[in-house]
Amino acid sequence: MREVAIVGTGMTRFGELWQASLRDLFAEAALEALGSAGADHLDAVYIGNMSAGCFVGQEHIGPVLVGQIGLAGVPATRVESACASGGVALRSAFLEVASGASDLVLAAGVEKMTDGADVTAVLATASDQEYEAYHGVTFPALYAMIARAHMETYGTTEEDLAAVAVKNHRHGKLNPKAQFRREITIKDVLESAWVAEPLRLLHCSPVSDGAAAVLLCSMDQARKYTDTPVKILGSGMATSSMMLADRRDPAFLDAVQASAERAYKMADRGPGDIQVAEVHDCFAISEICCLEALGLVERGHGGKATRRGETALGGRIPVNTSGGLKSKGHPVGATGIAQAIEIYEQLSGRAGERQVAGAKVGLAQNMGGSGASSVVHIFGRA
Amino acid sequence: MAGIVGYGAYIPRNRIKSEEIARQWGRDPESIRRGLLLEEKSVPGQDEDTITIAVAASRDAVARAGIDPRRIGAVYVGSESHPYAVKPSGTALIEALGIGNEVHVADYEFACKAGTEAMFVALGLVESRRVEFALAVGADTSQGAPGDALEYSASAGGAAYVFGRDDLLVEVVETYSFTSDTPDFWRREGEFYPRHAGRFTGEPAYFKHVTAATRGLLAKAGLAPKDFRHAVFHMPNGKFPLEAGRTLGFTREQIATGWIVNTMGNTYSGSSPTGLAAILDVAEPGDLILLTSFGSGAGSDSFALRATKRLVERRGLGRSVRAMLDGPRRYLSYGEYAKFREKIIRNG
Amino acid sequence: MPSPRYWREIPSRYRLEASKCTGCGKVMYPARPVCPACRSRDAERVELTRRGRVVTSTVIHVPPTEFDTEAPYAVAVVETPEGARLMVQVVDCEPTEVRPGLGVSLEFRRIRREGHGGILCYGHKAVPLREGQT
C-alpha cells in the first residue's frame, strides 16, 4: 500500500446552526477543504453520516451531497457506523488511496440533528433495538452503566468524570469552531441535572449540527496541494458485542483496544509514541475508558490521570485539545473527521493557542454506540 | 370427579389507603372505613395489566400442579379489564407459559364473575374428558371513576386454577349458577369508567344472586352452612360479604380467611378466586369450602369444594396470598395513583 | 413496533428462551446461530431461570418518549445462574436500591405500548428479592 497524506481540511462551526441544512453544512466544509488545497476535482468522496434518514428524512445522501458542490458523477459513498461514521469514512478514503485505486479522495462527515427529530430515539438506534432500546434503555444509560462498572471496579469517582468535562471545556474555549467556548467548574458539573446516574447533563456531549472534511492524496503527489502534508501512518478498526450485556467486562472497551492495536501495528508505533490524541468523549466516562484501552494510561487509572492533569494541554499526553465532543460539539457523523483535522492542525503547527509544541505523532480514535465499533488512525508529520 | 390440581394468585405491590383517597375528595376517611370496611387497596404498576397478572398467577398454578404446560388443553381468562378490546388475553398467556399451539383459548367477561365463569367452563371440559387439563384465570385492573364510591374499592389482582381429573388438590363437589338480567352496574363500549345504580346494586343485585346461588348449591348438594370450614363470597367492599354470610347462616370465623378485601380491595374477576386462594393456602385435608361469586348484570356462580391431603403437600411451591398482601408494598399518594391509573389528561 | 418484528421475539421475551452451545456449554440470550465463544453452530434451546444478580445498573432520568411517565426508572445488566446476561428494567423498588450484586427475580410485565391504538409489548423486568426469598 502506498503512503497517504492529508493535504487539505475544511470544517463548519459546530453548534445549533438553524440557518444551515444538511446540504449547506456539507458544502461549506467540503468547499473549504478543496479550496485550502487548491484542488478542482475529486476521484471519490466518502461521507460519514449516522442518520440523515431519521434526522432529516433523506437517505441516498452520496449523490445529494456531491451534487451540492457541482461534482455530480463522482463516486460517493455514505458510510455509517453510528458515532464512528466519520472515522470509518476516513478509513475507507485512506484505503482507497493507499490501494492505488484513487489519487485524490475527500473524506467528509456531516450531521444535522436540530431539525426536530426525537434525538434520544434516533441515537438509541445505535444500541440494540430488540434487547436494549426495547426496554427503555437510552444511549446515556449505557454509558452510565459502563461508568458504574468502572467506579465499582477501579474506584473512579464522580469528580474524576467531572474533571474530564472541565478539561475539555478549558481546551474548547481556545477553539474558534467549538460549540461551547466557556469554562465550567467541577461544581458546575456536579450540580447539573441527572441524565442517567451517575452521569449528569455536563458529563454528556451536546446535540450539534456540523460538517468536516479532509482531502487525502497519495504522499508522492501531496506537495502539489500543500507544503504541510500530514501522513496517515496507520488505520485500524474493530467491532465488539453490540449488547453491553454480552461484554465480559462492561468497564472495558475491547473494540477500542483491538482497533488501536491494529493501527499501531500498521503504523509501527506504540502508545508511548503518541504526543497528542483526540479521543471519543461522548460521555466523560468514555474518555477515561478509551485512554485505558488505547494504552495511553494504565488500566483503571483513566480518572486519576485526568485529575492529575496528565491529559491537559501542557501535560504528559494532551487529549482532546480541540475541546473534545463535550465542548467542541458532536454532530455525530462529522466527529471522526473533526478529530483528524485537530491532529492535522497539531502536527502541521496550525493549532494556535491549542498547540502542543513539537508534536510529530498523533492519534485519533472514534467510537460507535456503547463501544460496539471503534476506529483509530495514527498520523505523523511528513 | 374432577377438580383443582394447581392454583396461584398475584397481587401487585402498590397500595393506596382509603383515607388518602377520601382526603383528596373532601370526604371523612373514618366514615369510609366504617361504611365500607376498606383500609387500603392494591394498585397495578404502570407495567401491569390483566395479562401480566394472569401470567404471574398461572406460573404458580402450573408449578403447584407440577405438570408439563403443554398438557393444558384449554386456557380461559375472565376479566373486566382485558388489555385489548379485540385480541384475547389468553393468547399472550399461552406463550408465556409455553403451552404450545394445541390449545383452545377464550376470554370471558361478566363483570366481577368472569373468573369463576372461566373456572366453571374449565371444569366442565375436564369432566367431559375433552381436554386433560384446563386453566382458568380471574384477573382485573379495574377502574373506579374519580370521586365515586367505587374508587375506594376498585383494585388489581387475580388467581389462576388448573383443573384436572387426577392428583387433585381440591375436589369439586358441586356447582350451581343463578343468573338474571339486572342492570345494576355496567360499562358501555368506549367508556373509560363503569357506572352503577347506587343502592340498587345491593339487595336486588348482589344479595339476591349471592343468596340464591348459595342456597341453590346447598340444596343441590344436600349440605348446610355448618358443614363448611370456610366460605368466600365476592367482595365488592368489606361489608357486603359479611352481611351475605350472616344472612345465609355462616359465621364470621368461617368467612374470616377468605375475607381479604379490607386490604386488597375489590379485584373484580379476581375477587372471590383470590379469596379462595387465601383459603387454600391454609385449608386442612377434608375441609369443605364454599365459593360464591357475583357479577353485575347479573349472576352468581357457587362451588362446593373439598381440600385434599395433596393440597398441603403442594401448596408450598407457590406464593401465598397473605405473603403478598402483608409483604413488601409501597403506598402511593393520590397524585401517583392518578398517574398510574391514567386518570390525568395529557396531550398527544 | 411492527407486528412481525414483535412476534418473532415472543419466545425470547415471554419465556426467556436462550440457546446453549453443545460445544462449550455457553448460554446465549437471546439465542444465536453461532456461539460467540467457540463458533460452534450446534446449540439446544433452553429457558433461563427467572432469577439473577445485578452486574451493573443506572437510573434513567431522561427517558425516551414512550417511557416518560415511568422516569426515573432503574435499568440493569442482570446475570442468571446459567451465566447469561440480559438488560432489563428494575422495578417495584426505590431506584437507589439497585446496586451491583443485588439479587432479583425476573417477572413478566408490559414493557411498552404503541400509543393509544397500537400493539402491547411484553417482556420481563427484574424485581429485587426480599428477605426470606431465594
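We just call them A, B and C in the order they show up, numbering each chain from 1.
The rule is short, and it goes like this: a contact is a pair of C-beta atoms (placed from the backbone, for glycine too) under 8 Å apart; a residue touches a chain by one contact, two chains touch by 3 or more.
Just so it is clear, the model here is predicted, and its values are computed rather than measured.
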Most contacted chain pair (by C-beta pair count): A-C
Centre-most chain, if every chain is reduced to its averaged C-alpha atoms: C
CA centroid of chain A to CA centroid of chain B, Å: 59
Separation of mean Cα positions, chain C and chain A [Å, integer]: 32
Length of the line joining the C-alpha centres of chain B and chain C, rounded to whole Å: 30
For chain C, residues contacting two or more additional chains: 70, 89, 111, 125
In chain A, residues with contacts to at least two other chains: none
Touching residues on chain B, where the partner in the complex is chain C: 13, 45-49, 51-52, 55-56, 59, 83-84, 92, 95-96, 98, 327-328, 330, 339
Residues of chain C defined as touching chain A within the complex: 5, 9, 29-30, 36, 55-67, 70, 72-73, 75-77, 85-89, 95, 100, 111-112, 121, 123, 125
Sites on chain A touched by chain C in the complex: 118, 120-121, 124, 130-138, 140-141, 144-149, 152, 193-199, 241, 243-246, 250
Interfacial residue positions of chain C with respect to chain B in the complex: 10-11, 14-15, 47, 69-70, 89, 91-92, 107-111, 120, 122, 125, 130
